[in-house]
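Below: one structure, written as structure tokens.
Order of writing sets the chain letters: A, B, C, D and E. Residues in each chain are counted from 1.
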Amino acid sequence: MDQKGVSLMEPVLRARKLVKRYGRVVAMDRADLELFPGEILAVIGDNGAGKSTLIKALSGAVIPDEGEILLDGKPVQFTSPIDARGAGIETVYQTLAMSPALSITDNMFMGRELRKPGFRGKWLRQLDRKKMEEVARDKLNELGLLTIQNINQAVETLSGGQRQGVAVARAAAFGSKVVIMDEPTAALGVKESRRVLELIKEVRSRGMPIVLISHNMPHVFEVADRIHIHRLGQRACVIKPSDFSMSDAVAIMTGAMDPPEGIAA
Amino acid sequence: MDQKGVSLMEPVLRARKLVKRYGRVVAMDRADLELFPGEILAVIGDNGAGKSTLIKALSGAVIPDEGEILLDGKPVQFTSPIDARGAGIETVYQTLAMSPALSITDNMFMGRELRKPGFRGKWLRQLDRKKMEEVARDKLNELGLLTIQNINQAVETLSGGQRQGVAVARAAAFGSKVVIMDEPTAALGVKESRRVLELIKEVRSRGMPIVLISHNMPHVFEVADRIHIHRLGQRACVIKPSDFSMSDAVAIMTGAMDPPEGIAA
Amino acid sequence: MTSDTKTANGPADYESALTSGPQAVAAFDDHRHGWGQKIQHTLHQTPSLVPLIVLVLSVIVFGLLLGTKFFSPFALTLILQQVQIVGIVAAAQSVVILTAGIDLSVGAIMVLSSVVMGQFTFRYGLPAELAIGAGLICGTLCGYLNGFLVAFVKLPPFIVTLGMWQIVLATNFLYSANETIRSQDIAEHAPLLQFFGSKVNVGGAIFTYGVIFMVVLVLVLAYALRQTAWGRHVYAVGDDPEAAKLSGVQVKKVLISVYMLSGLICAFAGWAMIGRIGSVSPTTGQLANIESITAVVIGGISLFGGRGSVLGTLFGALIVGVFTLGLRLLGADAQWTYLLIGLLIIAAVAVDQWIRKVSV
Amino acid sequence: MTSDTKTANGPADYESALTSGPQAVAAFDDHRHGWGQKIQHTLHQTPSLVPLIVLVLSVIVFGLLLGTKFFSPFALTLILQQVQIVGIVAAAQSVVILTAGIDLSVGAIMVLSSVVMGQFTFRYGLPAELAIGAGLICGTLCGYLNGFLVAFVKLPPFIVTLGMWQIVLATNFLYSANETIRSQDIAEHAPLLQFFGSKVNVGGAIFTYGVIFMVVLVLVLAYALRQTAWGRHVYAVGDDPEAAKLSGVQVKKVLISVYMLSGLICAFAGWAMIGRIGSVSPTTGQLANIESITAVVIGGISLFGGRGSVLGTLFGALIVGVFTLGLRLLGADAQWTYLLIGLLIIAAVAVDQWIRKVSV
Amino acid sequence: ADMSACLITKTDTNPFFVKMKEGATAKAEELGIELKSFAGKVDGDHETQVAAIETCIADGAKGILLTASDTSSIVPAVKQARDKGILVIALDTPLSPVDAADATFATDNFKAGELIGQWAAATLGDQAADAKIAMLDLAISQPTVGVLRDQGFLQGFGIELGDPNKWGDETDPRVVGHDVTQGNEEGGRRAMENLLAQDPMINVVYTINEPAAAGAYEALKGIGRENDVLIVSVDGGCPGVQNVKDGVIGATSQQYPLLMASKGIEAIKAWADTGEKPEPTPGKDFFDTGVALVTDKPVDGVESIDTAEGTDLCWG
């Protein structure tokens, strides 16, 4: 799909003129974002450009001071991450958002636990641990995180890379509308990063759109359909990786080059 | 210097058959390491291969169960990071090791504060804040972290990238014998990563050897003099980037290829 | 590396080896096996075993020292009876502490609830059922206030419950006019208030309903914390509230529910207290907060939240009970007992810490 | 991108733009300026200002309500005198809490030290100077024990000091045999013990040395915490002990020094207590732990460590003092005052929280 | 000793109970009885007392001496002990109802308060009509002893009581206010200061016990009024009597804990040997161990002893 084609479609998720201030710091300064069906939208930008704040606003973790968010064209107001999840938006946060002392299974199903069927689930509200463990193991296997020997291991006993893998698996498993990932490969090794990238592509092939924040240009140019360049708290422009080189993207991102006419936000 | 030349020199820092167990997990399994004067030694390996544990042992943060560490050929026993620092080894930890509520200056000078000259310093033990702020600002400027507006800002108000920058600046500023960096660019943007790489080269040009852990192959191949490949808790081999391709390195790291004869550890 | 790439491209060349390598990542072998390891592993998996071991050891030691005086059915059921109130309150305290909170107002809520039960029956002439209901509601409401201030106003639990402690206690004195309702009157007009004091023969041993209630309560809580989503959320909130929120836990709701539950359990403790001492006295429960926290901590629950088991708390309370009775039977006088209990607290936690360390 | 790279190479091609771009990274402009912002910023920079404001406001409110009854030199110096002991103990408590610890044994250490001072003078006939020295050493030793258990045995401070509280208090009663040494005897034989009770005229106002000591102590601590390396290390340990250790702080040494200092200050509080009540009484100081923690928290120091200022603690103690006396003067009786202080504690912290929030 | 007995006091920090324990221990040793002593942790802590009674039962004690923190709450536990054939004697404070214990050796706390009230009124003479009275009580939980002493004082002084079971409901303007002291010097000083701030012209101070009185005196000394205020107290401990002698306290009602304790131990011995229970004082439902007003400034119409005699009789 070309730039034209995309703009004719209705965005799945759209942010308009979001503003978020932290005291004297303006982390988002009328930031926009559009995510179209079935695409991988990469978001790049300097450290502190406000990328995480933007996607936190989209996932309900931060309530913007101004601006609006539209899901399938309808305005939504997320007051908590639960709202966003309820609407089908799953997020891998930069901080991972795991409870260290709980098991991998517990963490994966946090807030959407499965109950046993029948009396025990309905009245005794008993969890279906076996089922949850099964699903969790499947999801991790898909990601190739075979080395986790014990699905009931506490998350705090995993290495940083393994933790990130669990967080990614969780989002990929439960997202029904949009998956957002904030630097999902930052702590990962070469092999593990590759697996996550493959997973991202696979999620897209299931038709689900993805927002991917990354500082890794080769990764971004490899998987992204469009690249949203964030600068100074707002969108500088959106480019297609086929039309621009990495150098251009980096130049725009750092301000060395003005965003190309016509496609600037 | 070639492989031969290197082996004739005395290593600055040398680890021999280090072992560290965490309950049932063996994080280091007779791991070796040699760092020669004036070189950048990159350490690569899968997530959980035991890289961080190895360098923590070198910097006194982890006390190995077995094995010995030699500094300038003499055995040393570090029982705390302070010992290692006293011996001139500075470390950037993967977790950064910053006190969030304290200022950038406080963090940079933690444990080696400067006191005012004369009575006030000697008897009232008053800190020389002005001097410390000056030095801190200089060091950050060297790294190009110009955007930090207030050197007395609390570290918790910095973005993840800015924090990493401060940690790198601290190590670079105070290391007198060896600088160790555990994934110093993981959270950094393109520009910031570049600055850190330049800084690493500059530190080497001052004659100081560096241990650099990174998952970023292009970075590793760009700056490293030798590459230590870690696998399953021990050194698989050491290669020179000029003799091997990235593919080979990755292949050895992941076990797809056996370490080349003769240079295997 | 000089050509400028304009097209989206595949994996970098150096990654080609990834497909051919073994797919297992660093998995280390466990070189050490055997008996010791297994024990360590079990201890690590079941943290409440540690206080259980301490409990059994202390029972054995006192049994050897005191003989039948200690091993009599009377003495052993006595410990249970003496521990029941602290045990119930400590169960409430456990749940709060699991969320990284603390409830200093437990004793005050307990006594206010029992006073409400008593005064509603005797001052206003309500049927005992209604009065007890009012007492339970009163406790839950106090808990709700705590929870509201902690969850919504975001005040530190220590300070909220410190303030509530004073407020509730003063209310208790003002409302009750410092009057005790006598046991004889209660037995005559509203025996239901003393329900938890009734005795029942379970397989030869005599228990009060209060003791049975304590045990059942702990078991139910253990089930709820372990087997339900709510329980998992309690742990998650205590572990890292920010992460819990981001991963879809309704942190505020969980906190409110925990403090309300704590209030409700304390109200039950107030009812059980009437059963235990017979009368309704506004001066009871002054040490319940310290004693319950002691039981919780000896039971191995971390004051930083998220770690430990409510079963441990029960053992913790029993350990204190065993030591207190044992020392008193050995003839230690009150101040020496306090001194030794002080040592016990430190020693119990030190042993716990040590076992955890060797069994990482 | 198909050529396999064999040589160490320079920056990737896409990075070429880096040298040409502007070198400043995302720096946002502050759109809002002015008065309000400045106040907010100041509040944020100087956290002890918040309790100061609450203090000034409460003085004004009570002044308006009560007129000269409250604004008399008598009433105002009275508050200082009533606050002095809690103020001194709270200063010790502040330092401990800054390291994310807590010291429940402050009151017990204080009273044991004062008993040692008294008994060494009167039971063993030592000169007062020596006895005082012994008392100070006794307090420091108790603190050392706390510190040792926290830093080396790695037990949670809550539990260590809970145990020490009981141990030290029981020791105190056993050692003193609950005997009070009378004020008249002390005045006659060892007036030095009552030193802190002596009055001095500072610019027209009458202060006791105890009050002056409290103020000087807080100022010295504020200096040490802010201006010396030790102080920075205390904050770092409270903030994140792991990070502090990695970045070169001798965490154990710092912890030990903090608990020893706390013990020493408590011993001074014990001395000041003799000055205040004239006699040496083993039953004083029972509420010192709760009262000091209250002052610390109202003063804005986080119970999680690493944040806050010891100046705030002084204001916190004064706030409680002003409210207690003010409410009594307004005619609230003892029980109501107790209730209202409970409300105050919650309200003060809520206001603090609110000011911090609007002034992020 | 094959015979054991228990002493359960309200606290073991208040010198009054410490001396009671010493008296009982001495007597028990003399009679060859093994005595175990128990105490609540703070005033009003009656759960610990219930537990103590249970422990004594488990221990097979012959008799229990008890100063109850809550006189009616303790009754079921006492009944349990008596059902096991243990002699229970209430010391210092009668149980409610009195016959819940086998015998009671107590002081009349109301009477003790009344004596110092009468003395204070008589000492002031005409000025009593516009006295300013500070009431320094024990604790906000209003334990019975405190209420009895307080109300006794007010009655003796000639002030109309509201509900005699609680303090603080009097309407007489001469009462400046009540404050609580926890029965120690620190609390005494603070409470006195608070009331002085309310009305600096206070000239009569009632205190729950002598440590509180000593604290109140320090507060008065602090503003230089120690010589023109009348302090009265209850207890009769040796430091207290010494303070009466030194003029710190005007008068105190002396009680006899040692007597109570030794009488109690004797009664247990007698009961174990012969099965006899002690008889109450004629005309009262308990054995009154007596109370005496100790002052060096006797007044007409109020019987008193001087400090020399008080020192002979004092308990510690």
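By our rule, contacts are C-beta pairs under 8 Å (C-beta built on N, C-alpha and C of every residue); 3 or more make two chains touch, one makes a residue touch a chain.
Listed by chain with UniProt protein names: A, B = ATP-binding cassette domain-containing protein; C, D = ABC transporter permease.
Note that the structure is predicted; figures quoted are calculated from it, not measured.
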From chain C, how many touching-chain steps at minimum until you land on chain E?
1
Between chain A and chain B, which partner chains are common?
C, D
Farthest chain relative to chain B (centres taken as mean CA coordinates):
E
When B-D and B-C are ranked by contacting C-beta pairs, first comes B-D
Rounded to the nearest 5 degrees, what is the angle of the rotation that puts chain C onto chain D, matching CA atoms?
180
Give, as an integer number of Å, the spacing between the C-alpha centres of chain E and chain A.
73
Just give me the whole-number Å value for how far the CA centre of chain A lies from that of chain D.
45
Computed distance of Cα centres, chain E from chain D, in Å:
37
Name the residues of chain A that each touch 2 or more other chains.
25, 45-49, 147, 190-192, 217-218, 245-247, 250, 254
Per-residue overlap in chain C, given as positions that touch at least 2 other chains:
4-5, 9, 12-15, 18, 21, 25-27, 170, 173, 335, 338
In chain E, what residues contact two or more other chains?
12, 42, 140
The chain pairs that touch are A-B, A-C, A-D, B-C, B-D, C-D, C-E, D-E
Would you tell me which residues of chain D are touching chain B in their complex?
4-12, 14-15, 18, 21, 23-27, 223-224, 227-230, 232-233, 235-236, 239-240, 242-250, 306-307
Of all residues in chain D, those that touch chain C in their complex
1-5, 9, 12-14, 149, 153-156, 158-160, 162-167, 169-171, 173-174, 290, 293-294, 297, 302-303, 335-336, 338-339, 341-346, 349-350, 353
For the complex, give me every residue of chain E touching chain C.
12, 34, 36-39, 41-42, 44-48, 50-52, 54-55, 57-60, 69-77, 96, 140-143, 147, 163, 165-166
In the complex, chain A touches chain C at residues 61, 80-82, 85, 91, 93, 95-102, 106-107, 110-113, 115, 124-127, 144, 146-147, 149, 170, 190-192, 194, 197, 218, 221-224, 241-247
Write out the stretch or stretches of chain A touching chain D in their complex.
21-27, 29, 45-50, 217-218, 231-233, 245-251, 254-257
